Amino acid sequence: QDAEKKIIGVSIPSATHGFMGGLNWHAQDSIERLGETYPQLEFVLSTAGDAASQVSDIEDMMATRNIDALVVLPFESEPLTAPVAAVKDAGKFVTVVDRGLSQDGIEDLYVAGDNTAFGRVAGEYFSENLEPGSKVVVLRGIPTTLDNERVEAFQAALEGSEIEILDMEHGNWNRDDAFTVMQDFLSKYPEIDAVWAADDDMAIGVLEAISAAGRSEEMWVIGGAGMKQIVERIMNNDPQLPVNVTYPPALISSAIEMTALNFVSNAPMAGRYIIGSQLITPENAEQFYYPDSPF
Amino acid sequence: MKPDLHTLGPLIALIALIVLGALLNSAFLAPANITNVLARSAFIGMIAVGMTFVITAGGLDLSVGSMAAFLAGIAIIAMNAALPGLGENWGTILIGMGVAILGGIAAGFLNGALITKARIEPFIVTLGTMGIFRSLVTWLADGGTLSLDYGLRTLYRPVYYGGIGWVTWPIIAFALTAFAGEWIMRHSRFGRHVEAIGSNDRVARYSAIDVGRVRLLTYMLLGLLVGLSTVLYVPRLGSASGSTGVLWELEAIAAVIIGGTALKGGRGRVWGTVVGVLILSLIDNILNLADLVSPYLNGAIQGVIIVLAVVLQREKRTADER
Amino acid sequence: MKPDLHTLGPLIALIALIVLGALLNSAFLAPANITNVLARSAFIGMIAVGMTFVITAGGLDLSVGSMAAFLAGIAIIAMNAALPGLGENWGTILIGMGVAILGGIAAGFLNGALITKARIEPFIVTLGTMGIFRSLVTWLADGGTLSLDYGLRTLYRPVYYGGIGWVTWPIIAFALTAFAGEWIMRHSRFGRHVEAIGSNDRVARYSAIDVGRVRLLTYMLLGLLVGLSTVLYVPRLGSASGSTGVLWELEAIAAVIIGGTALKGGRGRVWGTVVGVLILSLIDNILNLADLVSPYLNGAIQGVIIVLAVVLQREKRTADER
Amino acid sequence: MTVLALHGVSKSFGPIEVLHDVDLALDPGQVHALIGENGAGKSTIMKILGGFLDPTEGQILLDGKPVRFSSGPEAEAQGIVVIHQEFNLAADLSVAANVFLGREPGGLRLDHKAMRRDTAALLARLDTRISPDTLIRDLSVPDRQMVEIAKALSRNARVLIMDEPSAVLTHREVGTLYDQIDRLRADGVAILYCSHRLDEVAHLADRITVLRDGRVVRQAMRGEMTEDDMAAAMVGRELQDFYPPKGRPSPDPALDLQGLSVPGRVHDVSLTLHRGEVLGIAGLVGSGRTELAEGIVGLRSATGEIRVNGQKVAIRNLRDAFDSGLAYLTEDRKEAGLLLDKGLTQNLTLADLPRFGLWRLDQRAETEALAHATQEFDIRAPDPAMIAGKLSGGNQQKLLLAKTMLPDPQIIIIDEPTRGIDVGTKQQIYAFIRRLADEGRSLIVISSEMAEVIGLADRVLVMREGRIAGEVTGKDMTEDKIVRLAMGVSGEAA
């Protein structure tokens, strides 16, 4: 009925772990907000559990919802490249979030965090704050390309610092898994000076395992992505959690907002926006504290 | 093909879903949407047809999702490896297809042999191989994604997206598999023996049926169909990773049971399985059509519909058998 | 408790694993590690004991992992809600425990009633409720994590970490559950009825056993045990989310079958289940303690060990039964 | 010229030897009957001949040459076909599919038409009305047995081994079975026939082998042994007064039915069972006797009024029936009677567990109950720890009887009490039934063995098509009268 009505499709992975949960929350939050502000915009949100169903979601949006723009956080880069390219070829506006497609130049707008920086910033903090000869353990995420990028950057940043990585295991961005893995690391290594947990959900599990083993004094833990409970503890100068590295789930909000602006303002949006990973320290922690977010 | 309550029930559920979809959105019945839904049902669909045989013979296979991921992985590796020698042509792609199909048969043989020769419970064997296949593909991909060379993918793409008008190849392949499956179940000696084994394997053995061989064949048939569906899956996404095909096994088993095949074996309904697969894909499609309260509740709505779909087919036990 | 091949087999596998672990790493037999492994096994362990009854009666429950997540979620919400009124004390925590336990019984009742009253296949019912519970907890947590108030957590924490010396409460609870389960299966009327129903439900019905009621009770018992294990789970990390308890159902079912209970019902072995649970936790523990080729291959090694553990118990058919 | 023979065969299950040095020869065109008490080893011999078991010692001779069959199908390939005592049919498959299982005609595509046609022809030969498309699970027990026989007939056997084929059949079907046996004999088939019905052994057998405790005790040719001789040889003593004397029921009604109907099966049945009475119910297969019994005890939903000792009772399920003092012994031993994969104690006490403890089951008391039952019902179990499925057929029936009697019911409905029971034990069971009645209990005995109903019951009701077709008492209790009522033929005997 309303010819001016524009439909924006948003396709993101479902909330299978804390970070994605935060991202889901921010996506819904900004859709609600923008929907109220701009009545001429309509949003379609779908969440997918794997790459294939995400492709299906996008096909459905094209076939049945007749979207004008697509905001997509690809579950995986490779499989989503061709389907998103097809959306672009149909003349729609495409915003890609966080995980780049494997072909350049498809999307109009690219909003992303920086996985390399995420690993590097953490790694640099380790090499600057640990004595040479210190021993660390690493909890990795779910085996994925982005996990690889982070870990490689972390390792690269430690190079030459004579800090020894004792062990790495997958904690799958999951508290329980991280708890189990950390308990076993603690049994296995009598000396651990620091832990990189690569994600705050895992950091929670790791902290619990350490405190249960009564070794809280021995080591500190760096997580990542700025979960509110962790940020709160940094604000309170918790010695076990000196800093954190951001990878804000709110970047989806920026992406949706910019896409919306493309339709409601006269300024066409385009380009690449990389939101770098920053170090959260007790001094700046307040800026990164979102008490309402579930993450 | 005599319709009975077990196939009619899910059929009614399917029709109800179609009506619901059409009411929610006029685009639902558009050819493009129908093509989409049918084509994407093809993977699980072909696997579920194979699963119907395995379950009818009293078996189970939890490894099919991981197996699909693994087969897609090795097919991609094979094609990428053959590319420099053979070049960007159908020969290379045929090698990939061959690897997927032969690999599928071999994987099915592995499952079947462990179950029939080493006599281990199917649940345990396939839980084990599920972990093994999934690990292997993650390891092959080094934790990331295995991608098919871009040129090859462009060449290969029409195998998923092309076809005869609206009827794309996956739909054709699914339909052929379903017809062949139904025919084999109803009209072939193999199908008859599969049902007999699932119904009572001692009786089958006493009737000179080689129970082990028939069981093994059901797993190999399933492996073959997993391989075939991989052949269609690879051009769709052009990649494989540790998260490919996650939970396909549950979907395939659910489709089989929704379709009226008993989990304890003995009674195979291939048409029912096809209907079950369509029901499951339609639920997803309809959830995307409608704007729901919260996407977090998708899973709940899905769960409710699955249960409702089966309520329609539940055995109407006569009062005698209360 | 007469030992037979079905319980001896997994026991040998367990001992082999312990020897392997001790050889690989001297820390393996340290009390701290043993406490860790046993305490972690408790959740799946208690659930698996309940699952033994469900499977023995010829049923199945795929929803337990999601149910645990859901129960943990509502227990946390209840405690946080009661906090302002009641304050930071055991009263509040008891409310949370009550919610988890009663919620578990209610959830088990839901599954059981759909299966016995609406007569839907257990696989389908619990696949449906699995989706429903998982969705609900994600929705309650708004996609994120539900966290217990910090003060309450500190109070509640000893329920997981405390105990009598090395023997923490989860270990005690698991041991008591196992003893009670074994006792019920072997020495109570209920256990006898459960085995009879799984063996042949028609014979059970002709023996004046209320088959529906007993089946329903197995699901409620399982729900209760899921609730109890939630009571122990919540103090560990003080949180619940959509990713809590993922795949617990498969682990619990695998433990039951590794332990020698037949998937088709009729033969329940609670001790076997306990051994199965320990085997599964030990595999994880050993994989973490040992330095392996690639962590990507953990799943593969796990798969191989699970299959091997069961090879030991496979049924030796006598020549008479050919 | 002997086709198939056993020479010095012994068989042990574990440490227990159940056959000792057995010699047996089957000749073409002869019916060889194998008789013996329950557990004597008849089925074991048949399984050895059919290739389903290996002898521990001794030889199987086929056409005079020693053979070893590695499986039943291998023996069948040599023309040796067995009808097992246990049903050997796949319940989810149709009749036609079962008859042709493992040797389906047709090329790539099964020849459904031929299978259906040939099955229909076989069934017509057996004079039954079973449709080839019916699923086995929907057939009654006797009908299943007819399918078994049809299946065996379709095999073109040189040697046909039948393990109690008539045990679950009724009068009419037994007649067609005899006709088929005569035809096969004329065709030169060698037949080994096992039965507890001595009249039919006398009628059919060209040669008789008597087995006792796993040993051949006597062999004889047709006419050399009377039924009494057979019974004496089997049991090792003379049997006198096969049926106990009739009783003197009191006039008090124990069970009173008014207009009982089971939808679609039983219509408007009214009857009175007196205290101390044994009431026989006769009828053809499918006349609804079982349904009536199951309707009374709450296993099927029924309408109508039931009074026990004059008190109106509501029986919604078997538990209610138990509480009113009723008990029912099912005719379907394998599927509804016993848990074949469970131990004897577990089976014995299953329906009456509260007796053995409110919370903890007293396993010692259970073991004692088994010992007691073993004695009282003469259950011959080589090993008290064995599973019920390994008992011989007749001993399973005795275990089932013991299980039914355990709760000490006042009104007992027994459906086919002596299926597969040997003469000696039959006599014991009859005496037992009569003793129960004399003690003031009341019994309904459903039986397809006419002689049994007549010999045992004080009064006989005949059912036809779900209704009571009539009642016979006293001197009127003759086979002829009952058959006429059952078939609905009016008038006097021709």
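A, B, C and D label the chains in the order they appear, each numbered from 1.
We adopt the following convention: a contact is a pair of C-beta atoms (placed from the backbone, for glycine too) under 8 Å apart; a residue touches a chain by one contact, two chains touch by 3 or more.
Chain identities (UniProt): B, C = ABC transporter permease; D = Sugar ABC transporter ATP-binding protein.
Nothing here was measured: the structure is a model prediction, and the numbers come from that model.
The chains touching subunit A as well as subunit D are B, C.
The interface with the greater number of C-beta contacts, when A-B is set against B-D, is A-B.
Mean C-alpha positions place subunit B (ABC transporter permease) and subunit C (ABC transporter permease) at a centre distance of 29 Å. Centre-to-centre spacing of subunit A and subunit B (ABC transporter permease) amounts to 33 Å, using the average Cα coordinate of each chain.
Taking each chain's centre as the mean of its C-alpha atoms, subunit B (ABC transporter permease) lies 46 Å from subunit D. With centres taken as mean Cα positions, subunit D sits 45 Å from subunit C (ABC transporter permease). The residues of subunit B (ABC transporter permease) that reach two or more other chains are 138, 142-143, 205, 294, 296, 298, listed in rising order. In subunit D, the residues touching two or more other chains are 52, 71. Contact with two or more other chains is made by residues 15, 24, 28, 143 of subunit A. Under the touch rule stated earlier, the contacting chain pairs are A-B, A-C, B-C, B-D, C-D. By the touch criterion stated above, subunit B (ABC transporter permease) contacts subunit D in their complex at residues 187-189, 192-193, 195-196, 198-200, 202-209, 266-267, 319-320, 322.
Across the complex, subunit A is touched by residues 25, 27-28, 30, 32-33, 36, 40, 43, 138, 142-145, 147, 150, 153, 157, 233, 236-239, 241-247, 284-285, 288-289, 291, 294-296, 298 of subunit B (ABC transporter permease).
Contact residues of subunit D toward subunit B (ABC transporter permease) in the complex are 52, 71-73, 76-77, 88-93, 97, 101-104, 106, 108-110, 112, 262-263, 265, 291, 294, 300-301.
Against subunit C (ABC transporter permease), in their complex, subunit B (ABC transporter permease) makes its touches with residues 62, 114, 118-121, 123-125, 127-132, 134-136, 138-139, 142-143, 205, 250, 253-254, 257-258, 262-264, 294, 296-304, 306-307, 310-311, 314-315, 317.
Interface residues of subunit A, counted against subunit B (ABC transporter permease) in their complex, comprise 14-15, 24, 28, 44-47, 49-53, 55-57, 59-66, 75-82, 102-103, 142-145, 147-148.
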